[in-house]
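There are two complexes below, and they share subunit A, which is joined by subunit B in the first and by subunit C in the second.
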Partner chain A sequence: MVVRQYNEELKYLEKINPYCWKIKKGFQPNMNVEGVFYVNNTLEKLMLDELRNSCRPGMTGGFLPGVKQIANVAALPGIVGKSVGLPDVHSGYGFAIGNMAAFDTSDPTSIVSPGGVGFDINCGVRLLRTNLHEKDVQPIKEQLAQSLFDHIPVGVGSKGIIPMNARDLEEALEMGMDWSLREGYVWAEDKEHCEEYGRMLNADPSKVSLRAKKRGLPQLGTLGAGNHYAEIQVVDEIYDKFAAGKMGLERLGQVVVMIHSGSRGFGHQVATDALVQMEKAMKRDQIAVNDRQLACARINSVEGQNYLKSMAAAANFAWVNRSSMTFLTRQAFGKQFKMAPDDLDMHVIYDVSHNVAKIEEHVIDGKLKTLLVHRKGSTRAFPPHHPLIPVDYQLTGQPVLIGGSMGTCSYVLTGTHQGMTETFGSTCHGAGRALSRAKSRRNLDYKEVLVKLEEMGISIRVASPKLVMEEAPESYKNVTDVVNTCHAAGISKKTVKLRPIAVIKG
Partner chain B sequence: MSNIFKLKLTALGHPNPDGFNCEDEKEYRSVVLWLEDQKIRHYKIEEREGLRNIDSEQWKKAYNTYQTDLVSPVVQGTPNEQLNWLLCYAVRLEYADNVTKYKNAKVEEPKKAAPNVVSSNPLDNLDFSSPAFKAGVERICAIAGVGPHVDPKFQLAAVAKILKSAPHPDHPKSEVNMVHQPTDVQKLLFIQDLRDLQTKINEALVAVQCVTADPRTDTTLGRVGR
Partner chain C sequence: MDEELEGGLVEDDFIIPPVKYEYLDHTADVQLHAWGNTLKEAFEQCGMAMFAYMTEMDYVQIKEVHTIEANADDLMGLLYHFLDELLFLFSVEPFLICKKLVITEFNTEEFRIVCKCYGEEFQIGKHPQGTEVKAITYSAMQIIDQPKDNKYEVFVIIDI
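Let's turn to the complex of A and B:
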């Protein structure tokens, strides 16, 4: 890493408009393209402070600052366009979380990197609507939260209650949501309203290690820990009446359920296995990168293909996982209100992935190109009329579900044409960390956090209360800042704001 | 009747099936002779003299004998019925000579699979010669920069070619709506079609689910809670 004074570093950064900064070539060695990141004034300060801190003498270890990570990604072989940092960007393993980068598949040197996807492969958010109103739920909120908590297995190492054996797992890995559909856990309409229709076709369970499968089998249908949650929320504000109507969100106070989960230990093992393989491939193919954490392999190499196939299997795992929890949520609501989930209109509005790499077609300099798009902590946000979004959203653009941190609001956005040209149809994914997990544990007390939530009128059920402070709102960037930046920069459009009334957490 | 004759004569390879007029006595007789000479060959060549004398008064008599010899069931019938039987007989003989060749011939059956398809495509019922159509094409051509031509369909083909290679031809500001409106309508129609398709897909999935779904998903859930 180049060592420079903070003031020197700033010379490589240029504010091109109130919401967008450019990272010029030379900020990090061998940059093939420029970097760019989207921030407003508040988030800008966080970004630059992080950079300033890393410039202080003696600051070694830990992750590189987000700006540096974006620039390092810009130096990877085969990258096209630019390396994009979304407003919720923060340091991660190799790639910053909130970083997207696209690689030209027609270039034989182009790479795929597990760090560009993240460890929780196909971590994502699913939103279910209901026809209930806040006043229907308020009186029985505690019971409902408890029922949801009883139905959905949560916490570190929790086990699923949907019966699965090894053969079921193999099939689920290959079929994704089609498996859930076949077994009758979800509705046909759920598949329609899911990114990729809930199944990555290139999944190959035979490329997945036995270890990953062993970790994954008992965890299917579980929420997990960390920042994952299931929340009962109500519609707090509607910004775009037409788009909200298309999603079936028609009035303030309407109750929805948000499920934020991923591929659990399975995805983590797939990523870990791949990193080991890729280190060998890098040596063999002499791939040079700026940061050891950016382990990668050529897309067309055996290691690259194996990773893409096992990553797709992990993505399918995550969809089955969220589908199982959809089923359990419907059961919990159905029992509580003594009505069929159909009568509660519990349809899936949409299901987004925010840790995944996918082959997509994009227009670059007027030419259509097939790219491998890495989105890590970044949500796909395709514009209206894009062929890959569901027919119901052809006029509004793809719904983008932005989960807030615990106790804060969540948002629904839609994709825009500007986002398609500027950020390869990508936008933010959530609040994004401001404090590291360790720092949060040191600075905050979990009891205070819980009391504060209660004061806000939010019922909370947690499996491991001592981890709550890691997820406290104070540990995160303000999701409203993040979403407003995306809206103002034009890379996605605000549709609905949601406010939590009950939280289920690991 | 003459139409049936024409078909059979064509099938038998008569040199002039189209021009044959069964009402003309002379032509009638020559066809009978042609059938015996070329196809039926019931008599030896020298025995065909009676039929060969087309202009002779004796021809009728020879013809009757001929039919009796062939055991025609319609000796007492009208001349047309008689000729028809002769033609059928000739066709039968022709078939018998080449069974293997004709066996595989397939009769084109009327399409039963889609009996009453009424096209819902409004373009099918478009009147290409109507002034409104011509005027519409003229306007699009003016925008797309296609030169004049007498045939509006030809112009339309040219416009289609241009749209395929350059979907957004430059057009003056005043004309923007004229181009946008139809494309918007087209997009909406497309979305409607897509919705119908997706609904059908969903219905199919639900039908399959009735067979494949795990009965456990209906009632008990295993252990709920901890």
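Let's turn to the complex of A and C:
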């Protein structure tokens, strides 16, 4: 790592417009392309503070600031365009969280990096709509929250309740949501409103270790812990009536359910296994990187291909996982309202992946190129008329689901043409942490956090209440700042704001 | 190889070691810092620190013992794989939450650990749910092994 004084470091950063900064070559060694990050005034301060803190002399046990990590990614072989930091960017493992980077698949030296996907492969957000109004839910809100909490296994050590043996798992890994459909857990039209139709075709369960499968089996159909949650929300504001209408969100107060979860222990183990394999491949192919955590392999190497095939299996696992919880949510609502989920109009609005790598076609310098696009803590946001988005959203652009921190609002955005050219059709994924977990534990009291939520009229069911302060809104960047920056920068467009009325989490 | 010694536990097995670990700041994850009178003890403490992040140890009883093995090519790899084996022991059958770890073989030349893990099956309702550990990382990993100063410490960031 290049060690310089803070004011020296600033010479490599240039504010090119009120919402966008450029990271010039030379900020970190061997940068192949420039970096860029999107921030408004508030987020800019957080970003630069992180950099300033890392410039202090005699720092030990520290970690790289997000802006340095974006620059290290710009030094990876085969990267094209720019290494992009989204407004919710913060320090992560190798790649920053909120970092996207694309690699030219026609360049034989181009790489794939598990750190560019994250441990929770295909972590994502799904939004279900209902035809209920807030006033239909208010009288039985506590019972409904409890019922959801009873139906969905949450928190560390919880086990799935969807019957599953080792053979079922193999099929689910290969088939993704087609498996859920065949087994009767989802509706046929759910698949239409999912990235990749809920199934990555290159998944190959035979490339996945037994260890990963063993970790995955008991956890299928579980929400997880940490920042994962299921929330009952209501439509609070509509910014784009036409796009919202296409999503079936017609009026203020309409009730929706948001599910944020990923591939559980299965994906974590797939990533862990790949990192070990790639350390070896890097030595063999003499791939030089700025940071040991940026373990990677050439896309066309055996290790690279094996990772992409097992990552796809983990992506399928995550879709089956979110589908299983969709099923449980529909059951819980159906029982509480004594109506069929069909009659409650509980359709999937959309399902996004914010930790994944995908082969996509993009135009670079006027030429169509096939790229491997890594999005880590970043959501795909394709513009209107893109061939890979469903018919229902051809005129609006792809719905982008942005989950807020606990007790704050969430947003639905849509993709834009400007985003397609500037950020390879990518935008933010959530609030992004501002305080460390240890600091949250020290500074906040869990009882106060729970009381505050209650005062806001939010029912909460949480498996580990004593850790609730780690996920308190104070621990995160303001999601509204993040979303407004994306909107102002033009990389995605605000459509709907959602407000939580009940939270279920680990 | 798992050996289950229900009732085969001896009295010494129930002696709980002192706490020699703490949790340090990291934006998204948590950094474990453990120490001891030997490097072996620092490793054991680091493993116990990880389990203590998953639940409250006061609620965990020692009811069974399982043995794990970890092998690696270097010392950092050994710490990594040791913790990864412990995480695996928790994530699958026997779903063991450990209150006490005793390393019976600590080979820093061939990089091999054999460890006895004392605890019980994790049960929701009995054990308060803490934070889930997704993975062990090499991120900012440090192993301080200075016999002349009697200083043995390890730092590990776990992804949560």
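Basically, the second predicted complex is superposed on the first by the 504 of 506 C-alpha atoms of A that agree within 3 Å, B and C clash if a C-alpha of one lies under 4 Å from a C-alpha of the other, contacts with A are read in each partner's own complex, and residues count from 1 in each chain.
Just so it is clear, a residue touches a chain if its C-beta (ideal position, glycine included) is under 8 Å from a C-beta of that chain, and two chains touch if they have at least 3 such contacts.
Just so you know, these numbers come straight off a predicted model, no measurement behind them.
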item: Superposition on subunit A - do subunit B and subunit C clash or fit; value: fit
item: Which superposed partner A:183 touches (first subunit B, second subunit C, both, neither); value: first
item: Partner chain in contact with A:63 - subunit B first, subunit C second, else both or neither; value: second
item: Partner chain(s) touched by A:331 [first = subunit B, second = subunit C, both, neither]; value: first
item: First, second, both or neither for A:119, with subunit B first and subunit C second; value: second
item: Residue contacts on subunit A - larger count, subunit B or subunit C; value: C
item: Following superposition on chain A: angle at subunit A, subunit B versus subunit C, Cα, nearest 10°; value: 130
item: First (subunit B), second (subunit C), both or neither touched by A:271; value: second
item: Touched partner set for A:151, first subunit B, second subunit C, both or neither; value: first
item: Subunit B versus subunit C as contact partner of A:436, first or second or both or neither; value: second
item: Closest Cα approach, subunit C to subunit B, once both complexes are overlaid on chain A (Å); value: 8
item: Common interface residues of subunit A - those touching subunit B in one complex and subunit C in the other; value: none
item: Contacting residues of subunit B [partner subunit A, same complex]; value: 187, 191, 194-195, 198, 201-203, 205-206, 208-209, 212-214, 216-218, 221-226
item: Subunit A to subunit C touching residues, read off their complex; value: 61-63, 90-93, 97, 119-120, 155-158, 211, 214-215, 217-219, 224-226, 265, 268-269, 271-272, 292-293, 433-439, 463-464, 466-467, 470, 506
item: Contacting residues of subunit A [partner subunit B, same complex]; value: 150-151, 153, 161-163, 181-185, 187-189, 191-192, 327-328, 331, 385, 390-392, 394-395
item: Touching residues (chain side subunit C, partner subunit A) in the complex; value: 23-31, 54-55, 84, 88, 90-93, 95, 97, 122-124, 127-132, 134-140, 142, 155, 157, 159-160
